[in-house]
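Written below as structure tokens is the structure these notes are about.
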Amino acid sequence: MQTVIKGVRKYILMVAVTAILVALLMLFAPSTRSLSILVTLLEQGMAPALLGWGVLFNIKAGNWDFGVGAEVLIAAIVGGNAADALGLGIVGVVCCCMLAGLAAGAVSGLLYKLLRVPTIIISIALMLIYESVCGVIFGGRGVTLGVEYLVLASFPGNAVMLLLGFGLAWLLSSKLKIGYSIKAVGSNLKVAEDNGIDVVNTKAAALAIAGLFAGLYAAVSLGSSGVARTVSAMGTMGTCFNAMMCVFIGLSITGRGNVLVGIYFGAVIMQMIQMALMVFSFPTQYSQVVVALFVVAFMLASANTEGLRRLKRRRAAANGAKQ
Amino acid sequence: MKKKILAILLAAMLALGALSACGSPATDPSAPPSEGSEPEAEAHKIGVIFYGRDDALGSCVYEEVNHAAEVIGVEVEWALGDYDTAAQLTSAENLVSAGCEGIMFMPIEDASAQRVGQYCEENGVWFAICFRDILDQDIKAYVEGCEYYVGSCWEDDAGAAEEMVAVLAENGRTTYGLEKLNPSIALAVRNDGYAAGAEANGGEIVAEYEVPNDGNSQTHINGITNFLNLYPDMDAILMTTASQGAAEAIMNTLKQNTTSEQIQVVTFDLYEGIAEDFESGWVAAAAAGNSPDALFVFLMLANSVEGTPLSDSFINLSQKEIIVTSAEECADFEKYIDNPDFQIYSDDIIRSLNGKFNSEVSLEDFTELMEAFSLDWVKENSVQ
Amino acid sequence: MDVLLKVEDMRKDFGATRALAGVHLELRRGEVHGLVGENGSGKSTLSNIIAGVYRPSGGSMSLDGAAYSPQSVLAASRAGVSLLAQETGTIAGMSVYENMFLGEETAPGRGLVSVGRLKRETRRILDENGLEGIDVERDAAEYSFEQRKMLEVARAVAHSPQLLIVDETTTALSHRGRQKIYEVIRAMREDKRSVIFISHDLDEILDVCDRVTILRDGQYIATLERAELEKERLRSLMIGREFDGVYYRTDAGGGASGEAALSASGIRLDGVLAGVSLTLRRGEILGVGGLTESGMHELGKILFGALRPDSGEVLSASGARIRSTLDAVREGIAYIPKDRDTESLFISANIRDNIAAASYDRLRRGAYIPPKAERAMAEELAGRLQVKMRSVAQQLGELSGGNKQKVAICKWLARGSDVFIMDCPTRGIDVGVKAAIYRLMEEIREKGGAILMISEELTELIGMSDRILVLKDGALSGEFLRADAPGEQDIIRLML
């Protein structure tokens, strides 16, 4: 019983916040009052959560990696075309995309290790390079897969990928030393170093891991849409920022629970915001503004939880002083 | 040490880029005006700035302009591959330095229209714009005030959008979801065209989502899924673009979640597999996206360069778009229009639009032809 | 004589600075060996080399007869050498069990981390060390500095090291915390395992150590056997001259002008302070003492506006309400916090930037801050306080604790502050620098400034204060005047 109570307390914040927002949406938008909408939201949160988990490793390690969107793109184009050419089916797409994404992330990590310049610079340079390369390889046509590959847009395909991604993220963060090293490096570099953790290799590993998840996300995208086309002029940064926002919201509602689950709920909340904007006919050109305001609000609430508690105490103390 | 190497590499790359920009424009060694025709002493030269010739539109424009130049005895010099204002301006400078007396270009953005236009005006070079209208009113006023501005021709996207909505309305479909373009870009007139079409045909756009600029197909998937879940009465999707994988993502999502009886689609631009989607009833109409704007603008410009201008003032022409509504029309479009090896207009027609060969050429000749432009006309008048 | 560790001709250079110049050390098995010296003498550098934090520039070590050159703290730990450092060695944002096994998450020969094992082992280690109240799953940041230090103690002894290095750890701890460390040291000795004990508290050194090695300016000076250990002898060897042993105030006090420099009324903070009121007057040093958890440290923060009380108000000399640190700085109030590395100084910035940090509005000419003026100001103040440095361009992190504290004071002197709130101003600082800081405090007081000094050292409180306020459980329990010449027992009676 104690374990159950402990478990509930750990996850109550993220579940409650998400549930309240869903309830509010359903309250004010009657067209959303159905189980299928709830299922849709839970499904729509799956793919962004995959990329969010990859981005989390970078954020934990203190890396600023704006190239993860470009890694998604190159993983999709290289992995998708390779799997299709070899006739490997959807499993081949997943494997090839993950390998391509891992390679792209590993290049990022290797460059960081060799050049020792800030990760933000490496990532922006590689973003430009990867976008350009995508415009050249395979005739610049990107990748198009046949309908037989489109099995990841719905249950059970999407659930399998979510579980695969979760398992991988959990393994890396909780069951392998690298996860702890990443956390230590990002939290206190000096103490981490003093305890024998190789800071440079750890940060490089985080970049590679993010690439792996970029490949996973690319595979899910291909397995849902069947297509990936080239993007230029740093257009892939949008993908990167969306993933970061899922992570920021997730971190603010995780509380004592598992941060991976928190990020999934963060992704669901992001999709809910998009749905709400559509339902309330909010002009699309302001949708990013609304999303950004939500993210800021979540971050403020999270950062100021102590302040809110103090406010409560101050009021109680003032009342006590009056009596 | 490593940082020094990186700095040297970056500097070298910058230097290389700067040096290459100083080079001659991307002239195609196989440019037809140099082959075959012996330039007369008074042969004029026109420069063309275009994004490229690797895609369907680009290759068609390249072939039709080169052919027309050959027919009317004008030299053409090409500048391909420019994607920003600075590059287009540099190309204009290089073309003028190479002796071009007229510049035709597709501005990558409104600022480019102003910069290139200003340069041409200051250097007494005729200029004309193809495929684009200028959205910024101040820039438009400036360009239209230029003495050397010949005019422009762009596709009537808004009209095409209205026409496609009319097709849907004829099919009894009046509740629409819009795949919307960002209002800040030039092609956003398609949004307005769809809106006008909906109003004119008693329909309603009940929901919309914006095309992502990161090319992320998940945005399309989620947008369409939300349409289907939140608006069960929706019976059509209005697509403003099929490019960057939008069509594939949208169609695949629709096919996995609904039927063509429930939802039909109208779209700009043809995409791979559209013929099959026409046959299975998914697509009601498509604005095919390739039209001879550039040819008309080139001929208009040539007249000005050769001293037989069509008008004392600038000319704005509006090119009708071809709307295809069946797989057969798709096939015809690809055969006759979206085909660089096929010349839509005969040499006689081309000459009739040039002052050297037809002293009575007028603007009406142009507009009549443009009005008549359709798939049927092209098939009937095909000489190939 | 069973020698556990031998250090020969140890050299360490940090750029152009020679931190160690051929130091020798011989540690016997089962002995508690003290290592003393002024700030900058090289004792922390030596202990860090032994613990694997730094790599030496020259020299050699042997452990248990075999060559010993650890490449990391982890390697040293595996060889049986553990370090308890002065500053924080746990990571905020990671749980207690993650901190306990930092760098050693996997069991030997295993690739996967067993979280259950980590938690169980952590629980066992904590219980063995009397830390039953600590939840292994909670973030280490949720615990106080002392509790986190106790975690480090538990971690350090968990692997039964044959050598434990305690580097100026006790000075930051409460009485209870220190007792815990003494217990550990006793247990090590009884078990025939060794301890290198570094402390500025010479009384503590004399109590705990069997032998003491003295370093000065990176050089080995002497090793004294137990029979030779004497405070004055240690001090003179540390400083290189005779020390008269008097560095507290010798006057009888009474110079306060009566004018209030800072006043607080009805300060309440839930669970910490229960309605504290005080007035700090110009020309006085007001000492505030109590147990670590008496609320005095939080009081210091509230007076500076760094912590908002639940109720009550703080007023400056001009009557302005202090609600934020900006208000305090504007009113000429300075704050030297207890945890100087994280709350007072920019460790990764240089000395110049640290000194100028609070004075940019005074240095600037329009929108421009003249570098020359900035440098001149920093050099003048650093020179006045005799900061041991290469130049003001030196990174602050390379300085010893005492010199860092001097830089912290320089920052406020640069600003022209004359009301100081000092929280444990001489924590972890050697006798030489302590004396310098006391002289400075007297100077401030004599010039009409005011100092509120929070201290856990009774001798310091008695030696330096004009008045002493004693806090107990968040409330004032008593006040002493300098003229009353209170003894330590008088104060302790009110603290407990």
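Lettered A, B and C in written order, each chain numbered from 1.
Going forward, a contact is a pair of C-beta atoms (placed from the backbone, for glycine too) under 8 Å apart; a residue touches a chain by one contact, two chains touch by 3 or more.
Since this is a predicted model, take the numbers as computed values, not measurements.
Visitor: I'd like the most central chain, judged by C-alpha centroids against the all-protein C-alpha centroid.
Guide: Per-chain C-alpha centroids ranked by distance to the global centroid put A first.
Visitor: Which pair wins on C-beta contacts, A-B or A-C?
Guide: Looking at contacts between chains, A-B has the larger number.
Visitor: From the mean C-alpha coordinate of subunit B to that of subunit C, what's the distance rounded to whole Å?
Guide: 72
Visitor: Quick one: report the Å distance separating subunit A from subunit B, using the average Cα coordinate of each chain.
Guide: 37
Visitor: Between subunit A and subunit C, what's the gap in Å when you average each chain's C-alpha atoms?
Guide: 41
Visitor: Please set out, as single numbers or ranges, the residues of subunit A touching at least two other chains.
Guide: As it turns out, subunit A has no residue touching two or more other chains.
Visitor: Name the residues of subunit B that each touch 2 or more other chains.
Guide: Touching at least two other chains: none.
Visitor: If you look at subunit C, which of its residues touch at least two other chains?
Guide: Touching at least two other chains: none.
Visitor: Which residues of subunit C touch subunit A in their complex?
Guide: Touching subunit A from subunit C are residues 52-53, 72-75, 85, 88-94, 98, 102-103, 105-106, 111-113, 115, 137, 266, 268, 270, 308-311.
Visitor: Which residues of subunit B touch subunit A once you look at their complex with the stated criterion?
Guide: Listed in rising order, the residues of subunit B that touch subunit A are 2-3, 6, 54, 83, 180, 182-184, 207-210, 212-218, 220-223, 225-226, 229-231, 243-245, 248-249, 252-253, 255-256, 272.
Visitor: Applying the document's contact rule, which stretches of subunit A touch subunit C when the two form their complex?
Guide: Residues 174-177, 179-181, 183-184, 186-188, 191-192, 194-197, 256, 310, 313-314, 316-318, 321 of subunit A touch subunit C in their complex.
Visitor: Taking the touch rule as given, give the residues of subunit A at its contact with subunit B in the complex, in rising order.
Guide: Against subunit B, subunit A makes touches at 31-32, 34, 36-37, 40, 43-44, 47-48, 69, 73, 114-117, 140, 142, 144, 147, 150, 153-154, 221, 224-233, 235-239, 242, 271, 274-275, 278-279, 281, 284-285, 287.
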